[in-house]
Amino acid sequence: MTNSLRAPYDGVVIAAPVTIPYVRYSIESAQWWIGRALSALVAQAGIKASDIDGMCVSSFTMGTDSGVGLTQHFGLCVRWLDTIPLGGASAIAGLRKAARAVQARDADIVACIAGDTNHVDSFRLTLENFSRFNQDAVYPYGAGGANSSFALIARNYMRTFGVTREDVGRIAVAQRTNALCNPHALMKTPLTMEQYLAARPISDPIHLFDCVMPCAGAEAFLVMREETATSLALPAVRLLSTIERHNAFADDPMQVRGGWAMDVGELYAMAGVKPDDLDVVQTYDDYPVITMMQFEDLGFCRKGEGAAFVRQHDLTIDGDFPHNTSGGQLSVGQAGAAGAYLGLVEGLRQVLGTAGPTQVGNASLALASGFGMINYDRGLASGAAIFAGPSR
Amino acid sequence: MIDPIKPPRRKNPLLRTRLPALPPRPRSRTSHGFTRAAAEGRFVLQRCEACGCFAYPAREACPSCLFDGLTFVEAPRRGMLLAETTARVPSDVYFRERAPWRIGLVKMDCGPTIVAHLHADCVEGAAVRMSLQLDKSGQAVAFAHPEGETANMADDKQWREMTADPKFRRVLVTNGRSVIGQEAAVALRAAGAKTVFVGVAEPWRPFAGENLLRGQDGIEIVTLDAADEKVVADLAADIGGKVDILVNTTEYVRPGGLLDRRGTSIARDEIDQAYLGFINLAQAFGPAMRMRGADGINSSAAWVNILSVYALANWPAFGAYSASQAACLSLSHSLRAELRPGGVRVMNLFTGPVDTEWFQTVPPPKVAPRAIAQAIVSGLKGGLEEMYVGDVAEEIRQRLAANPKALERELDR
Amino acid sequence: MQSKNLLELASAISSGAVRVVDLTFTLSPDFPVIVLPPEFGQAAPVRIQEISRYDGRGPAWYWNNVTFGEHTGTHFDAPIHWFTGKDLPNNAVDTMPSKDMIAPACVIDCSAQAAQDPDFVLTVPDVEAWETKHGRIPDRHWVLLRTDWSKKGWRDYANLRDDGAHTPGPNPAVMKWLVEERGVIGFGTETIGTDAGQAGHFDPPYPAHHFLHGAGRYGLQCLCNLDQLPATGAVIVASPLKIKNGSGSPLRVIALVGST
C-alpha cells in the first residue's frame, strides 16, 4: 500500500465552521448543544435543514442516543449517517469519511458535529465508563482518569528526552496568550511561567495548567463538493490530505510517539506541501506534552527535539509558529468530543480569514491534528489533515 | 523506607466516624479471572493456548494470533517499573480521601505492561514483584512490591488497604472452648492485634486450655454462645463498636449422616451452633463492622469463617455436619455481599479433618489447630478471601474441580 | 373441706398471713443444664428468640419464641423419665394425677454439711436425726434437701471437674427408705438433678431417679429459696406443663408458708 494508491480529495471542500460558545457547566443536554450547532450551520451556510443529506456526530454525553436518534430529534432526513466515538480523533475521522461520501456522491452536504454537555458529575461518569480496558485495568487504580494515564506517559517522555516542566510550560503559556484574544475562551486571565510552574500538582508530573477544563459546548462544519459551495456562494476550504491511524507502535513499552509518525510522509506528500509551508498549526492539546510529541511526529522537528523546538519558536498568534490560535483546549476548555473539533474549526476560520481577533495574517494553509482514546496505557487514535483557504 | 504505623489513639468522641467509600467496582466478566486468583493469593495472566503469548488487560482473543483460547495461568511475577505517578486529586471519593495515591506502569518480564498500585518502596527503573489483590470493592487489582524485603513493609498505606492485617486491630474469636479458637487467639495476639476477645459459652463449664487464655495480656475472655441470640446481642452491645476482625471459630462436629441417626436433635444442634450461630453473630456484629470500614488504622477489616472443606462436597461419614457447613458457606457469600459497602472482607478457610477429638478415628493427614491459626493470620495479612488449609482440603478442591461426580463417589466409602 | 376454708386461705394469701415463697430460678439461657458425655443426646438449652418488640416485625406487641429441653431450669421429673417408671400408669406430666401437684413438704437442712463437702451424701441416719427433732415424715410429703447450693455462682453451682460434677445428693439407702418406709410423694433439691453429682458411681446408679420414678414418685430440682421454708408445714404447688407424654418440664414452684 503506497501513497499513490490513495485517491486525492479533488473537489472536496469544507465550509461554515461553527462554534457554540462554551460554558463550564450546563444544565442542557448534549442533544441541545448539537441542536444549536445544527441551527448555526444552517444559518451560516444560508441553507435549509432539509438540504443536509448527510450527518456525522460525535459526543460522549448523548446517553442512549446515536446519530440515528438525532435525525428524528431534529427532523432531518439524511441518506448518509455516521456516529464516531473516537474522542480526540473524531474530527479528523469524521472529516475523512464525510469527504469520501460527498466525493462519491453518497451525499451532497454532510454536517459534521461534535457536542457535549457538562453536568456537575458528567466528567467523573465519563471517566468511569470510558472503555473496557479502562474499566478493568486503569480506573480502579487511583481513579486519576486521563490525568494519571498521561502523567505516566509524560513522566517517561520527559525523563527519556530530558524535557523540563518549563519546556512543556511554554506551550501552555503561549496558548493562554492566544486565548486572551478569544472572547469565547473560558480562561480569561494571563498565565505566567512562574504561575505555571507553581501550580498545584494533579498527578505528577501533571500540574493544574497541564490539564484542560471540562466544559459544555459544540463545534461543527459542513463538507460538500466544490460545485455545491459555489452554487451556495459559500466561502470554502479545500481539503488537501489526511491521515488516520489506530494502535500504532503497539510494541513500544511506553508511548513516546503517536500514529502520526507512521503516516507523516504520506500526509505532506498527498498535500504536496512541506511542514515549513504551513501558516497555522492546530494540534490536539489535551496535555501540552502531547502537543510537544506532535511537533516531532508531524515533522516540525526530530524525535527528542520537541523541547528545543518550543524554546526556539514563538507559538503565539503573532509569532513565527502560530499554534492553537484560539487558545486550544488548555485555555478555551474541553467540551468533550467537541475538543477534537476545536483545532480543526479554528484552522478553517484561519484559512478563510474569518478568525477575527485570533486571525493570523495571510493564513492560507493549515494543519489540524487529532489524538484520542487512552483505552489502556496509551492514546490509540491519531489523525491529521492539511487544508487550504480560497486565497491559496 | 516506610515509618512503622503508630498505635491509634483513642477516638475523639466529638468527631464523626468517616463512612466507608469503595474504589471503582465495575469489571468485565472475563476480568474476574483475576478476581478468582486474587481471592486465593495466586498471580495469573491470560496466556494464549496457541501462540503462548501473555496478554493483559483481560481479552477475548489473543492480540498476537487472534486465537480465542486465552486461559488464566500462573505467570512470572517479576517486572520492571517503567514510570510512576501520584494521583493527588482523583475524581472518585474513595481515592480522593486517600490521596496522594501512587500508581505505576510495570513492564512484566513475560511481556505485558500492567498499571499497578505501588508499594511505597517501589523505585522507578527497578525490578518489582507483582501480586493480585482484592481491593475494598472486592475486585482484583495488580499490586507491585519491591523485589526484596524492606523495613516495615506491611505498614505501607496502600498495602494496608488491600489487607486486613491484625496489627493494632481488635479481634473477636468467637469460640475459645475449641483448640482452634485458643490457637487463633494466641496467634492473632502475636501478630500484633491490640486485643483479642475470646468468646466462651457456658462459662460455668470448665474446659481444657482455659488456663492458656486466662491472665494473658491482651486476651480477654467474654461470655459468648453464638447460638444464643440474646447473649450475642448483649456482647455486641458491649464490644460491637471495637471488633475490627471477627474470627468465627464456632465448631460443632458430630459424625453421621441421615439413616444411622435417630431424629433431628443432633442436626438441630449442628444448625443451632453453626448456621443460626453465624446468623446471630452477623446480625449482632455485622452492622457496626460495615459502618466502621474506614475508621482509621483500626478500622473494621475482616470476617473469618473456618469451614470444613466438605461444605463443598458432602462426606457421608459426617454427612449432616457437611450439610451444616455447606449452609454456612452459602451464608458467607451473602455476608460477603452485605459487608461489601463497608469494605469488610469475608475470608473462608477450608480445612480437612482437624486433629481434634471429633475426628479421632479418622486416619491422618489431619490439620493441626495451630496450622489453622497461622493460616488465619497469613490470610488476613495477605488480604485473601479463600484458603485451603492442609493436604486434604487442597486435594478435595482439586478433585472437585477435576470431576465432581468422581469426588462424590469416592467420598462415599 | 368447706369452700369457706378455701376462701380463708385465699384471703390469708392476699393479706400476707400466708406467705408465698417462689422456689424457682428465672428460666434463662445462661442457667446451667445437665451435662452428659458429648456422644449422648443433650438437653436443648433455653433459647429465647424475639418475634417482635414494638417494631417492624410487630408494631404494637412484644413476644418471643422459646425453646428448651424438658429438663432445663427449675424443673419437674415425672416417673416416665426413668426406665424404672416406664411401665407405670399415668406416669407422664400430662397424665399424672392433678392432686399430686399440691403437697406439703419437709425441709432437711444440710447446708452446713454441703458447705464442708460438695460430695455430701444424705443418709438414713441423717433423716432419722431430723425426725428426732421434727417428727416422723408423714406419708405423701415432699422431702426437700436444703444445701444452699442455689446461692452459688454458676461455675461453683455446676462444679464440674475432670471426673464429673461434685454436688450433694442422697445415697441409695436413704432413697429406698424414703420411698418405701416414708411414702414420700417426691424428693427435691437445689442442685442440677435430684441425685448427687457423682451418683453415676452409686449402686444402683442415680438412686433418686431409680427409686422415686420406679415407685411413681416425682422429682424437683434447681430449687431456690429453700432457706425461707420451715422444716415442716409448707405446702408446695408444683404443676408441670401439660406436655403430651412429657417426661418433665420447667415449671414455677411455689410454697405456701403459714405463720407459726
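Note that the chains take the letters A, B and C in the order they are written out, and that residue 1 is the start of every chain.
Note that in this section a contact is a pair of C-beta atoms (placed from the backbone, for glycine too) under 8 Å apart; a residue touches a chain by one contact, two chains touch by 3 or more.
Given the structure is predicted, the values throughout are model-derived calculations rather than measurements.
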{"item": "Central subunit by CA centre of mass proxy", "value": "B"}
{"item": "Chain pair with the greatest number of C-beta contact pairs", "value": "A-B"}
{"item": "Most distant chain from chain C, judged by the mean position of its C-alpha atoms", "value": "A"}
{"item": "Centroid spacing, where centroids are CA-atom means, of chain B and chain C in whole angstrom", "value": "50"}
{"item": "Centre distance in Å when chain A and chain C are each reduced to the mean of their C-alpha atoms", "value": "93"}
{"item": "Chain A - residues contacting chain B, complex", "value": "123-124, 127-128, 132-133, 135-145, 147-149, 151-153, 155-156, 159, 200-206, 250, 253-254, 376-377"}
{"item": "Partner chain B, residues of chain C touching it in the complex", "value": "29-30, 32, 35, 41-42, 44-45, 47-50, 153-155, 157-158, 160-162"}
{"item": "Touching residues on chain B, where the partner in the complex is chain A", "value": "23-24, 26-28, 31, 56-58, 63, 82-92, 94-95, 99, 101-105, 107, 113-117, 135, 137, 139, 141-142"}
{"item": "Residue numbers on chain B that touch chain C, as the complex places them", "value": "202-206, 223, 225, 227-231, 265-266, 268-269, 272"}
